[in-house]
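Look at the two complexes coming up: chain A is in both, with chain B in one and chain C in the other.
Right, the complex of A and B next:
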């Protein structure tokens, strides 16, 4: 007589797991292309960069010399790296701050519907669609000491002195920052506009009934409720502007002296002008670490003040 | 209805903007580096010069002859150089029907991105042309083949035909890595009319730095016609300058050597950028700019010397041999110009000038067939270099230099004489580009403002270079 063995809980679990997998398989197949690209073009380069940073890597070397953390030790003593990192942080702080404040105020103004408001939204966003090369050429034309439009107005209308905007160590980063704000300002403005449009109108009406003026409503309703957008904008702007490269590369070539040389520019030069690929990888690893730490801190501090 | 029509308007506006942006992008150019000179050295970066909008970096691709397997040649000879070089290649193709060429000319910064990456990827061109100054660094990275056996041992070209300083510069561990094609570098171009107008003799220029200062003060005038020695001279509105701090890549080494200083000592290891002689050299330029007001301050955004010169606003101009092309395009300017050895700025009148060379190189990894074709072209260009003088550059072979028609090529003949008499090539270092960036930055900082401390900036730069050369 045949005996049928009752299925154990383990075999039932296995069969349930297989059923689930079979059911979910199409979903995994849909996301598979993304993960293949993610592994090939993001994860692998990150791992490879970490690996190369431990070597004195020569572009045509058949064997590479392992030097452990020597590149990291050298980086901490590298004056140019710290100067370029300092320039990057200054540039980032200026650009993010101006972008945020300006974008928020313009978005608040453009949230209202008035004649031409749609056109203004488009016009404010317009510079964002320019390529960085075009921005660079415009930047050179704007700030040129002899023929630049800024000096033209400054000297002819205001009778001021001819200022070397890109030649003065104290003015070069603000000049680059203002150029970048003009270029990138559209994106945070749109994000803020979307965030502002999500704030329920009755809140403002209730505040108005309670006697709050426009400024008080802005401070006590708009700002707290727009914090999620602000967090998003701050983090994306921080990451984008810490990686600034093309604007100083095209407009000032890092000068005068090292005054507008940024960290990513230095990374590029180290790899492709000096052929120090191991050291360049070290710079990229350290930069990535700095950005990860600051981003986590931003999330931590800004989330505490976020109201959903 | 309102929402629908607003949305429609918004999309319409956005679409128009996108089209405009695409048109603008197509018209715009990526100008990755601010360069001061139309040709010459590796114009990868000039932080202290005017950030000019460079032309669109479109490769100039030319095919010479017809065959299935052309020699692929990459170089940075564009503009006047490129046009003259094309005529040489055309002539070569006629005389060598079995070798055809695909010649690709790129702006130098593009070239220096393509060459190492293509070579590392195992797809190098058969031959490249770049500068002698960069040979040590590229050889150290294994990016080029030694040409000792292929070109020199069998007598295809002879080392004794070339300037010995140049041969030293392109020799790495006893192996000559390249074949020189030309010599190019700094020389003095001067506006005779402007000098005469100031009551001075263009045939009797200052012989040293001490004599230059009062001479230059007589030439320099502000918009009111006042000289720097006059009461009320307006230094912010100068009409005519006596002199100019041109491309640091040539001006700085030339001046340092005139004063007995330099970046590295002849051993290529000892850093002397902060030596008293080097400090005196850069301090001299600082004084010309901010004490005597005879040279415009060396800050980004200043007008290119050639434009000042062309408009009778500059008397003495240190510029490259390739300026001959500029003079060809402006015969009226050439008619009032003189050309000579670089004037000495040192108190004792010591002469010195930096020159470089376009050298022919076979990248690592080129197969035998490619090497054979490159060898044929290199040997031909070395022997037939006289026509290269049409570009203003000096053919590299000394016997060709000596046979040049001085009436037809006055600036080329003078430059050849100058380079052989007082010329030196730049340091031979595997860290060349990094050291060059460091000293150019230091000098840029030293000359950026009247308050800059020249000695401190050069000391800072020297410390950086010491750290570089101390690497194993």
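Right, the complex of A and C next:
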């Protein structure tokens, strides 16, 4: 892949090899600044996170008690953890599905140049520029039962009843998901747009000559050729939405009951509200394992379908 | 479209619509619900920020507030327990310095991994790749404990140091350094330039567009981030704007106008920034696959 210029031949005698290495040593200065922080704040924390998960780690404790896999055993029987993981998966599936479908169709339409097509791209990406705190402040008021504008449109335009979106266990996750789609669908849209623009136009012309209609061209040309982008978008969306925290934290505080408590929210509360760092680390390790396994599976299955 | 026109050849249409115009109009009509869905929450935030606290509970809300008031803003700036100007300054400082660190470190490492040779290069690079697979959730607690042990909680360093460890920029810039012809560097080497000078004066200018993209997205990411600052910045005076907004939203500050005014203050700089640099930002996302989240 890369051209390796490092002297690898066995014929080189030791002194010359050492000379090359000595000459290369200053090159470390280039990667050193980043690598120091990388080791301290990413590599070492990964190892220490695994280690802490084996302890009954309390923030004030002078000595921490080693308890082996007791945290893991407790976690597997922890109702709230499974509930919050279930909520997370539901939220993630809804958000990723809506985002992908919406983004793909919008991108397909925006791909043609028409009056204002660039303006629309800019507009549709705009919410993604905002902080999640802003999203939360808008979201909590928009879904409000009494004063929210969602219910305003719902009752005046559709003559529907006032719905307690954030108070209903069955509606709270869809409401959070739609809020998140409003905030995040710009990125997959632009990614798909880039992917679509890379598909050579002659393919569509050839299909047209062969008598294919727009829908057939979409299914047989666009979808297969956009699979690499699809894989990239699916994986990044999956990783982002599995770690959802701020939307439920600000908008619902996990309620009603535990119905919108997510895995990372539970992790946050365990660590920074109840100061059980060992158990919180266990949550993070299990969540990470689940995410890694699913990511690898996504790569495996979608790679296979990428052949065309 | 063409066949429709042929069926009525006798009468000339009253006015002719160019097919491209027609398609534009059609697409705008199709997109109208989505356009409204994107715009309405932003309009709502703006008009509520300019609505008197007494009128906040009106239903339906006044889409155009009357009277237009800036009382929410004066209120928020007058409240000593909500140092929003301080939060704004904190955000600006945290994001600007953090971004400069990330861009500088990423360009150094990106250059080294693209252009230089040193022992264990592949291993060191593989470790960077490996770290991409690990969800952030795992590193939160140990990174927090490390900062606590270093007595850096509630300082700007608690944002800058972990940010300096980020790896995405290295991959991005490494790709761009690869594309530079080697002859250019060799010529500089022959002229006796040092490695650092070649990196700084020859190569950096050639990857400036990628660096600008990295700068924009790192800045937006740091400016907007809530989760990490929420963990490490718990004192009122060290908070960034997103954390401050959560403080306004929770606690005893449930006044609606105040929260909207705070959200407005946090959004206006980024929206202006976005309006000015929209072409670069949109192009940056489509070519680098980076985003501000």
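One rule holds for everything that comes next: the second predicted complex is superposed on the first by the 273 of 308 C-alpha atoms of A that agree within 3 Å, B and C clash if a C-alpha of one lies under 4 Å from a C-alpha of the other, contacts with A are read in each partner's own complex, and residues count from 1 in each chain.
Definition applied: a residue touches a chain if its C-beta (ideal position, glycine included) is under 8 Å from a C-beta of that chain, and two chains touch if they have at least 3 such contacts.
Since this is a predicted model, take the numbers as computed values, not measurements.
Enquirer: For A:137, is the partner it touches chain B (first), chain C (second), both, or none of the two (neither)?
Expert: both
Enquirer: Please indicate which partner A:250 is in contact with in the superposed arrangement: first for chain B, second for chain C, both, or neither.
Expert: In the superposition, A:250 contacts both chain B and chain C.
Enquirer: Looking at chain A, does chain C or chain B touch more of its residues?
Expert: Of chain B and chain C, C contacts more residues of chain A.
Enquirer: Of the two partner chains, chain B (first) and chain C (second), which one does A:209 touch, if any: first, second, both, or neither?
Expert: So A:209 meets neither chain B nor chain C here.
Enquirer: Quick one: classify A:34 as touching chain B (first), chain C (second), both or neither.
Expert: A:34 contacts chain C only, not chain B.
Enquirer: Should A:240 be classified as contacting the first partner (chain B), the second (chain C), both, or neither?
Expert: second
Enquirer: So, does A:145 touch the first partner chain B, the second partner chain C, both, or neither?
Expert: First partner only, chain B.
Enquirer: Quick check on the superposed pair: does A:44 touch chain B, chain C, both, or neither? Answer first, second, both or neither.
Expert: The answer is second: A:44 touches chain C but not chain B.
Enquirer: Between chain B (first) and chain C (second), which, if any, makes contact with A:124: first, second, both or neither?
Expert: It touches chain C, and chain B stays clear.
Enquirer: Between chain B (first) and chain C (second), which, if any, makes contact with A:168: first, second, both or neither?
Expert: A:168: touches chain B, not chain C.
Enquirer: Where on chain A do the contacts from chain B and from chain C line up?
Expert: Of chain A, residues 118, 121-122, 126, 129-131, 133-134, 136-137, 140-141, 146, 249-250, 272 contact chain B in one complex and chain C in the other.
Enquirer: What does chain C use to touch chain A in their complex?
Expert: On the chain C side, the touching residues are 20-21, 23-24, 27-28, 30-31, 34-35, 37-42, 44-45, 48, 57, 59-61, 104-106, 108-109, 111-113, 116-119, 121, 124, 127-128, 131, 133-146, 161-162, 164-165, 167, 170, 195, 199, 220, 223-227, 231, 241-243, 245-246, 248-249, 256, 259-260, 262-263, 266-267, 270-271, 273-274, 278, 281-282, 285-287, 289, 291-293.
Enquirer: Report the residues of chain A in contact with chain B in the complex, numbered from low to high.
Expert: Interface residues on the chain A side: 58-61, 77, 79-80, 118-119, 121-122, 126, 129-131, 133-134, 136-137, 140-141, 143-146, 148, 161-162, 164-169, 249-258, 269, 272-275.
Enquirer: Contact residues on chain B for chain A in the complex?
Expert: 6, 9-10, 13-14, 17-18, 21, 24-25, 28-34, 44-48, 51-53, 112-113, 116, 119-120, 137, 141-143, 236, 297, 299-303, 364, 431, 433-434, 437, 441-442, 444-445, 448-449, 457, 460, 463-464, 467
Enquirer: Please name which positions on chain A make contact with chain C in the complex.
Expert: These residues of chain A touch chain C: 4-6, 21, 24-28, 30-31, 33-35, 37-38, 40-46, 48-50, 52, 106, 109, 112, 114-118, 120-134, 136-138, 140-142, 146-147, 149, 152, 156, 182, 184, 187, 190-191, 193-194, 197, 232, 239-240, 242-243, 245-246, 249-250, 264, 267-268, 271-272, 277, 280-281, 284-285, 287-288, 291-292, 295.
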